[in-house]
Each structure stands twice: as C-alpha cells, then as structure tokens.
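Across the two complexes that follow, chain A remains constant while its partner is chain B and subsequently chain C.
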Partner chain A sequence: MKYRENVTSGGAVLWLFQRVTGVFLAAVLFAHVWLLHYLLREDLTFAAVSDRLATPLWKTIDITFLVVALFHGLYGLWIVLEDYIHVGWLRVLLYSAISLVAIAALVLGILTILPFQGEVSSIWQ
Partner chain B sequence: MANHENKTLTFRIRRYGTGGKAHEHYWQEYKVEAMKGQSVLDCLNEIRFKQDGSLTFRRSCRSGICGSCAMTINGVSRLACETQVMTLGTETVTVEPLKGFRPIKDLAVDIDPIPEKLLAVKPYLITKTPPPSDQERLQSQAERSRLDGLYECILCGCCTASCPSFWADEKYLGPFAFLKAYRFIADSRDEGEREHFEALDDKHGLWRCHTIFNCVEACPKSLNPTKAIAALKRELVKNRIG
Partner chain C sequence: MRALQRYRIHLGTAAWILHRLAGLALILYLLVHIWVIHHLIGGQQSFDKIMEFFNNPLAKALEIGLVGVILYHLWNGLRVTLIDMGVMVERQKALFAAAVVVWLVTWGVVAYAMLTKVGGLLSALAKIGGGGLS
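Right, the complex of A and B next:
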C-alpha cells in the first residue's frame, strides 16, 4: 500500500487558515451581538438598517464576513466529504458543486450588500 | 475452585472464516466460570483450551508488552490481557476483532498495515552531522524527558482501530504513526524533520485527524497521541510558513 501520494498537500496553510477564519467568525459574531443588540440598539426598521448598510465601513465588514464565512463553511464541508469520498470522479463532481455554490453565494451576497445607498445618517459618518 | 467471587459470564464472540462459513461473520456464545482478577485473555484461553479449539486469537506475552491481544471488548479497543473481566461489570462480554482492519480468522486481523504505516514516517533517528569523535550523541536530562509519553508505544493498534478517520480511510496513517513520528521530531539529536514530515503532510496524513480523542481513550499504555498530533501540526505549520 502506498502511503505517500502528495508530499506537498498544502494542508498546513489551509489548516491554519481554517483556524484563523474560525476565530475571526467567532469574534465577528460576538461583536455583532454586542454592537447591534446592546450598544447601538438601532430602530428595527428598513430605513435604519439600510442607512447603516450604506456606509463603506459596514459594506467592508459584511463583504469580509461573507468571504470568510463562505470559505470556512464550504472548506469545512469539503474536509468532511474528503474523509469519506474516495472515488475520483465523485470527488471532482462534489468539489465542482461546492465551488459553484461558493461562487453563486459570493455573487448573490455582494449583489445584496453593494446597492444599499440609503440616506446616510449622522452616526455612521 | 468455586467460591463466592466466581461468576458465570457469557462470552459473545464475533467469529469469521471458521465453521464452514468462509467469508461470513457470525456470533457464537460461550459460558465461562470467571474468577476475580482473571483477564479477558485468561477466559479466551479457557474457551480455546477446554471448549472450542477452533477459536482463533493472537496472544503472546500476556502482560501488556507485546500488543498482540488487542481486540474490541464491549465495544472498546483494548488489550485482552490487561482487561480484568470483573471490572467490565457486564454479565455478557462482547469480543470482536479490531475495527477497521481486514479480518483473517475470528479475532485475528491483518496487522500488516501497522508496520507499513510505521515505516512511512521513517521511525528512526536521522542525522546529517557526524557524531562527536570521542563520545555518543548525548542528550541533557531535559531533552530526554521530552520523549516521555512518546516512546512507550507498543504498536498494538488500539488507537488506530478506534479512530473514525481510519474507519473512513484505510490509508490514513493513524495515531500511532504520528506519535512515533513526533518521538523522533521531538528528539534533540534528530536532524531529519523534513524526511519525517514527508509522509505526514499528505492527504492520508496529519490533516485527516479531527481531534476526536478516541485514540487517547483507547491507548492501553495511557499515552496521548492527540497531543502529539497537535504538536506535529504546530511544527509543520511553522516549517511550511516560518
């Protein structure tokens, strides 16, 4: 049985990145709950939320969150699938499917985040 | 020799390749009059010697050194010689071969993958500088004590047989190979980090460990492969990025 197939699997960098993004997501989740539910307590209206989302800062935060969450979640899913799927063509199929989902969700997410141009309220300027 | 501490136990054994059923698993039960202090291996010997000479299992040292009698006892990978039947606390003792390994006959499994996986991590001291001319390669006491908990592995396979990553991928190197690799990477005299890492940084290697801790629970020598794997991951990331 052959135990060495791919000497430089790149596993080290991806493994580290998965940990870093995990910590980032936990931090963003905590910041979200603390900031929006305890500190700001903005009005739960479309106008208030779209005002906030219209600022470059929140657009940057949300797009970063989108990219990181998509990578972390879908790479995590790929790790699970890689454990159990050993058939070559099925791996290619699933990897392609995951990549397509990633691209579709990324495009859809960016299309949702970018267009907000509400009347920017003073607090975010 | 009946006394109040004797107890009749039922041994439910998962058998394979015997009794005219060439490639079929089936269960067979035996009654054993067990005494306090008796090991599962003692009971299996009693079945083999007195009831059914066809029952097949490996054993050698019967004192927890050789690792031959590793098997699944009441669902857990253990050494039969180190497991006292009375401490299991069940009337029926279920004995199965090690999980994930190819069965050969009854409780004996094909253990060829163990040396193969072991050799893949180059489990020996690799040096590049010549040794001192007047003495051996010496270690300080502190350097030597770093190897405690790493060198004691008896290669019984209990850790690997209880690892879900191995169940899913028979080529997965397994906890014992990682423990052994780290035993050399952590050795102050070793200069072959790159050579040891080669097999680890592989799609059947280190990154398939998901820190499940089953290996730690199973190890009959109370070693901690998961801790060694965490240390290896740290070392490998440092090696690749730093």
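Right, the complex of A and C next:
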C-alpha cells in the first residue's frame, strides 16, 4: 500500500512516530471524549474545567494530549498534501503555513491549560 | 492522483480514502476545538457563554457524528498499524471485516449512551417538543 513508500529515507522515523502517536491518541482520546463529551457534557462550566485543570496530573495529561494530537493531525495533513502538490514553491508555502498553524495552536492551547491553580475539590485528586 | 491510479478501486482503497477524509475533518475540528476552549482565558463569563452556545440538539447531533468519524479513523488506523507490523497480513479480509464491525458497534454504543443520557439529545429534543406543545 501507499504507506510503505514512506519507509524510504528519513520519513521512516516520522512514519513510525505517526503509528505510535496514533495508538497513544486512541487511548487518551477515548478517555477524553468519554469524560468531557459524555459524563460532564451538560456540566462543562468554567468552574468544573478550572477545578480539573488545577491538578498537575490533568494539566500534564492535557498538554501532552495537545502536543501529540497537533503533531499527529498536522503531520498527517502534510502527508496528504505531499501526495497531491508537486510544485516546489507551493510545497514550501504550505509547509510554512502548516508550521505556523502548529505553533499558533500549540501556544494558544498551552496558554489555555497552564494558568489554572489553587484549591482543587476532592474528586480530581 | 498518480498514487490513486496504481490501485484498482477495492475495499482497501476505499478505506484508505475514507481514512484521509476522516483525518482532514478531525484536524479541522481540533483547530476549531482549541479556539473554542481558549475562551477559558477570558474567564467564567466568556467560557460559559460559548459553552451555552453548544448546548442545543444540533450541536449534540453533530457530536455523535464526530464520534463516528473519530472511531472510524481510530479503528481503521489500528487495522493499518497491525498490518504494518506484520500482524494478520495473511488474513486481511477478516481483519477489515472486524474493523468495520467494531467501528459500527462502538459507535452504536456511544451514540445510544449520548442519545439517552439525561440532558442528552433525546431529552433536549423532548424539552423543545414539550415546550411547543404546552
């Protein structure tokens, strides 16, 4: 299949990394959707979210989740575009655009998750 | 397109195209999701206001669709990873069938849970319906 072609050259490590991050995301995303989009769905207030994010463990989990999801998603987008765009300058342009989006989303995400601190109610401990 | 022409259209190719389309949808969703959640920076009013915006039947229905897209990409991705690792290469058709069954069953279970939950889609629709009747 197509996937095999990426094994050549320096793409091999990234290709493997895409598989590893995929398996990681399968587990963490499942927990994320179950907890936030199902269990807490109607009670997803600022109070509930800031309480959860004030715990160092959840902060670590969510920032790791953010970094891995952005990498997996935007590298995946790059793999797809690479198959259809063969003009050199356009590739450079798209690659730069994806890198900028990656940095912007990463910074915005970390600024969102990081500030929470203070007393945490017992359910998250 | 040259990459596509090398393959006859069969189930594996369809699964591969769907995998890419699902992936594209998910990266777009992730970026919008980060933007929505960044309203936490603006404090309680800003965040609770934007979350209130998603507390309606349409958003809940779309969320069930989102879960379907996630689960397709997840199970098909695991199938492809297993094949890349050399697991079940001789029995690809069985593996493919298993992936489709597991996808539909897990989506069905999650959709059922989301539909029937108190405050979920059905009770939200009932509230609208009840409001219309009274």
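Keep in mind that, in the parts below, the second predicted complex is superposed on the first by the 102 of 125 C-alpha atoms of A that agree within 3 Å, B and C clash if a C-alpha of one lies under 4 Å from a C-alpha of the other, contacts with A are read in each partner's own complex, and residues count from 1 in each chain.
Note that in this section contacts are C-beta pairs under 8 Å (C-beta built on N, C-alpha and C of every residue); 3 or more make two chains touch, one makes a residue touch a chain.
Bear in mind the structure is a predicted one, so any value in this text is a computation, not a measurement.
Participant: Please work out whether A:G11 is in contact with chain B alone, chain C alone, both, or neither, and reply first, second, both or neither.
Facilitator: In the superposed model, A:G11 contacts chain B only, not chain C.
Participant: Is A:L44 touching the first partner chain B, the second partner chain C, both, or neither of them?
Facilitator: In the superposed model, A:L44 contacts chain C only, not chain B.
Participant: For A:V101, select first, second, both or neither according to whether it touches chain B, chain C, the two together, or no partner.
Facilitator: A:V101 contacts chain C only, not chain B.
Participant: Who does A:Y84 touch here: chain B (first), chain C (second), both, or neither?
Facilitator: In the superposition, A:Y84 contacts both chain B and chain C.
Participant: After superposing on the shared chain, does chain C or chain B touch more chain A residues?
Facilitator: Touched residues of chain A are more numerous for C.
Participant: According to the stated criteria, A:L111 is in contact with first (chain B), second (chain C), both, or neither; which is it?
Facilitator: A:L111 sits against chain C, while chain B stays out of touch.
Participant: Overlap the chain B and chain C contact sets on chain A and report the shared residues.
Facilitator: 1-3, 83-84
Participant: Quick check on the complex: what are the chain B residues that touch chain A?
Facilitator: Chain B reaches chain A through residues 113, 116-117, 120, 165, 168-171, 173, 198-199, 201-208, 210, 233, 236-237, 239-241.
Participant: Which residues, counting only chain C, touch chain A once they are in their complex?
Facilitator: 1, 3, 12, 16, 20, 23-24, 26-27, 30-31, 34-35, 37-38, 40-41, 43-44, 47-48, 51, 55, 63, 67, 70, 74, 77-78, 80-81, 84, 110, 113-114, 117, 119-120
Participant: In the complex formed with chain B, which residues of chain A make contact?
Facilitator: It comes out as residues 1-9, 11-16, 79, 82-84, 86.
Participant: In the complex of these two chains, what residues of chain A are touching chain C?
Facilitator: 1-3, 19, 22-23, 25-26, 29-30, 33, 37-38, 41-42, 44-47, 49-50, 53, 66, 69-70, 73-74, 76-77, 80, 83-84, 101, 105, 108-109, 111-112, 115
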